[in-house]
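Here chain A shows up in two complexes: once beside chain B, once beside chain C.
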Partner chain A sequence: MKALARHPTLLLGGLVTLLLLATAFLSRVWTPAPPTQIQITRRLAPPLEAGLLGADHFGRDIASLLMAGAWNSLSIAFVAVLLGMAGGVLLGTLAAAWRGWAEEIVMRLADVTFAFPAVLSAIMIAALIGPGVTTAVIAIGVFNVPVFARVARSAALQIWERDFVLAARSAGKGALLITFHHVLPNIAGLLIVQATIQLAMAILAEAGLSFLGVGVPPPHPSWGRMLSDSQTYLSQAPHLAILPGLAIALAVLGFNMLGDGLRDVIDPKLRRKR
Partner chain B sequence: MLEVRDLSVRIGTPLGDLSLVERTDFILEAGRTLGIVGESGSGKSMLALAIMGLLPPSARTTGSIKLQGQELLSLTERELCRIRGNQIGMIFQEPMTALNPAMSIGDQIAEGLMWHEGLGRRAARQRALDLLQRVGISDARRRLDAFPHQLSGGQRQRVGIAIALACRPRLLIADEPTTALDVTVQAQILDLLAELVAEMGMGLILISHDLGVIAETADDTLVMYAGMPVEMGSSEELFSKPMHPYTRGLFEAMPGRQGPLAGKGARLQTIPGVVPEPGRRPPGCRFAGRCPYEIAACNAAVPEWSRLGQSQPARCIRLEDLP
Partner chain C sequence: MILLLLRRFASLIVTLLLASLAIFVVLEVLPGDPAAIMLGTEAREDTLAALRQQMGLDRPAYERYLDWLGGMLTGDLGLSMTYRVSVSELVADRLAVTIPLAVMAILISTALAVPLGLIAAANHEKVADRGVMLFAQIGVAIPNFWFGLLLILFFSSYLGWFSAGGFPGWAANPALALKALLLPAIALALPQAAILARVTRSSVLEILGEDFVRTARAKGLTRRVTLHRHVLRNALIPVVTVMGMQFSFLVAGAILVENVFTLPGLGRLLFQAMSQRDLVVIKDVVLLFAALVILVNFLVDLAYAWLDPRLRQRT
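Our next item is the complex of A and B:
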């Protein structure tokens, strides 16, 4: 608790993230109205006139849509980042352990993957297997692999230089054993921080994909598609764009602040001077 | 038990091959302690890593290192992993950094036992507890689950010793094991090492820049200078009558001990200059350039071992002419 008080960023980021998670989970059991229920009589109703946050062009309750959208957005982001992290950390730590040509291959592959923006690869994957949740997860996940591979490799290389790894080698432990017992536990904090920041980026990427129509398919609610739908009604009902936009911004901000705060706590050396 | 013959270590750099260790020979018998002494940059640690086979991939080791008749230099990495920790243990200089900060000390000791001896978790933990008690950690049962940052420097070094000894190695290499410790703790650690060597009958290579530490602990002493042994003999002989000008210089530079050449109340002497870097070493005697007794012939060729009467051998061509 003391740590929280000393790190307002962590506290605020944690609160926003927690709120977001709670909203997402709550949407599984309760929303003010069924998020896909169409009520054409309250079409484009402004906030407080119909429901808390008004209704969209089909008369759907925006508050409920945002809540359900949070679940879709977060679940895709979590799964994608988790997959990308698993793949990237495995590749990165092995590259650091084996060095030589294995490292070269992994890092050049990472470069190649990095050259394709997530959106572009998502559109390519969508062209192959069709748009949908899987497409979004794979596209964002693949984009995360090189990020984690690079972070894990550079952090692991630093650990490999440490005396206790030399001590472990002098005790006869091989590269794999050292990676799992000595390297991973010592870079875990850094990876958690990176994952939090990647979650923010994944939420943004998912919104972008849905905006382009290769993410969550209708009628499932999605922040990105709510934004893209709102374009037509921008002058009549600006809240259609503002509310999902705010939701995305708040989610990204929350995870970013959480990541920054966690980094301050986990690695005090990186702490910025006030 | 350990026989090192004509060992040299060269490392490839963008500027060409550099020689880090050259023409090193020694024999270590079980139950004895060999002290290796020299300034920083003399190649002591490189020698230790070469015996462990832990030099970076760009280093090339030639010559011969035989442990109980087995040639270590011809082994594959996989075979070396079986020997490291099992037949050779190593203790490091910085107990602070040589332990994994994210792992309890009990696990760090048990790890090697599970790996080399195939012990189960419970059995390995019991052995770890015994080892902790053996190296003199008080309240060992509670300490088993402690993390390195919860221990003092001396306790950490004891844990380092416990890890190195876990599989009862034949050979123990201690690279500056007491340099990072308080003087009072130094003596305790050295006593513990001497006790364990006697008890387990292993051979100990003690590397230090501190002549006091070597004099106290080692049966035999090897003096290294710029990657090459310059004097070798029983500690008793070597410390009572150092032959090589470098060894004499080291003795005179030692506070609290009157070098054999210094009168009472004399100023503490220093050896002028620094150890030449690899690649900038003189072609003949490596000590030429810093040696007060240098003559032209010193730079002609690397001096062979020579003796003066019954003295220990030294690599110096002027032994007869020295005061």
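Our next item is the complex of A and C:
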């Protein structure tokens, strides 16, 4: 507890993230009303007039939509970041292990992939296979590959310079074994920090894709699409635009703060610079 | 420097070629029959055959790829299936909105971020510093398309100072056109400003700890003069690098923000092309966006090498 009190960012970020995860999981078993239930009599009702946070243009309960949206947003973000992490860490650590042309190829590919933000890839994929969760996961996941490849490579290169790796090499261990036994365990902390920050970016990206209509398909609730739908009723029912945006911002803030806090704990030298 | 320039240029060409190849493979090779994708499953066979011929799908893929690249270099981007006009014409019109929007966003974010970062570093761990860091944390977390909606809500719906969207065109009234781009540019600039303020702060803090800064102060220079003459100049190098890296997010942001403000820019064109499954437009515009990101990163890389003599000597 004392350690947590020394890192208020970690504590606050952790709490927000925990609250978000709890909300997402709770939405699987309970929401104040069924999120997709249409009740036209409650149409555009402001907060407290119909449920805690009001109702949308179909009279659906906004609190329930936000809760269910948390699950959709987080699950897409988690899967996409995990995929990006798996691909990126594999490429980055192998580039550091093999160096030479393998490293050059991986870094060039990273440069190329980095030129395709998730929205750009999602539009290409959506034109082919249509919008949907798969499109969002592939687009966000692909953009995460070069991010993890770069981080993993530069961290792994530092580990390769250490004495214990030299000892392992002298003992005849191959590049792959050293990567799995020595490099990966030593860069795991850094990768977890990066993953937390990437989760924040992935939540933002998912919201953007759903806003454009290439993410979670209707009638499944999604924060981004709630924002997109709110545009028509902006002056009539501003809460439709304000609440989902707040949910996205809070979720991103939580993961970012958690990532920053974890980084402070793992590498206190960075604290002053950040 | 010349050797470095040549190496970076070669790397630029390879990256551009790989990006174009990736787009071509995804949009023209992987789908099998792009004509069927564009016209849908219920299209008649003769219509499909006509489109296949128009798109040259009867020729080998490598030939089409080379033709496409050649067309890109000569400015012949093909014909849009939806708009029935040349893509070059469409793109030129839309660039007249997207480029000024991006430039305005970069200017606003820099004008906001550099002074904020400087103030935060000069008042390290004081109230001003904490305030800037809080702004940075929140600014990064706010989606630009949501911020755009909030700006419309406040400045258009509530105050009535701006229109809620649309673009009057440069020819009709340049001042009005500029005004129409202001809110979208602010929406795009906020997250960029938050990131840049953070980078400026950490970069200035790092330079403040350097020996030459202590020497400048020991020689009797005031804090303000030291900050402006010695610290800021050096501290801006990483800021420029991060600006280049952020360009990719600016491009993604432009696609979203243009849709919020219904601006007829390149991002909206791409979105409309996706809805219409106009693969010709998508292919060209995605490559343009990707090339823009790669080119900006290349220029930043060069600027970095030019600004930092150590890097030039190493290469």
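Just so it is clear, the second predicted complex is superposed on the first by the 272 of 274 C-alpha atoms of A that agree within 3 Å, B and C clash if a C-alpha of one lies under 4 Å from a C-alpha of the other, contacts with A are read in each partner's own complex, and residues count from 1 in each chain.
Quick note on the criterion: a contact is a pair of C-beta atoms (placed from the backbone, for glycine too) under 8 Å apart; a residue touches a chain by one contact, two chains touch by 3 or more.
As the structure is a prediction and not an experimental result, all values here were calculated from the model.
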Checklist entry - Should the pairing of chain B and chain C on chain A count as a clash or a fit in the superposition? => result fit
Item to check | Touching partner for A:19 - first (chain B), second (chain C), both, neither | outcome: neither
Checklist entry - Thinking of the overlay built on chain A, is A:171 touched by chain B (first), by chain C (second), by both, or by neither? => result first
Checklist entry - Can A:227 be said to touch chain B (first), chain C (second), both, or neither? => result second
Next on the checklist: Using C-alpha centres only, what angle sits at chain A with arms pointing to chain B and chain C? Round to the nearest 10 degrees.
Outcome noted: 90
Checklist entry - Which chain makes contact with more of the residues of chain A, chain B or else chain C? => result C
Checklist entry - Who does A:102 touch here: chain B (first), chain C (second), both, or neither? => result neither
Next on the checklist: Using only CA atoms and the superposition described at the top, report the least gap between chain B and chain C in Å.
Outcome noted: 9
Item to check | Touching residues (chain side chain A, partner chain B) in the complex | outcome: 99-100, 162-164, 166-174, 177, 181-182, 185-186, 188
Checklist outcome for this item: In the complex, chain C touches chain A at residues 11, 14-15, 18-19, 22-23, 26-27, 30-31, 37, 137-138, 140-143, 145-146, 149-150, 152-153, 157, 164, 198, 202, 205-206, 248-249, 251-252, 255-256, 259-260, 270-271, 273-274, 277, 279, 282, 286, 289-291, 293-294, 297
Item to check | Contact set on chain B toward chain A in their complex | outcome: 52, 54, 57, 78, 80-86, 88-90, 92, 94, 97-103, 111-112, 115-116, 160, 163-164, 166
Checklist outcome for this item: Within their complex, chain A touches chain C through residues 108-109, 111-112, 114-120, 123-128, 200, 204-205, 207-208, 211-212, 214, 227, 230-231, 234-235, 238, 241-242, 244-245, 248-250, 252-253, 256-257, 272-274
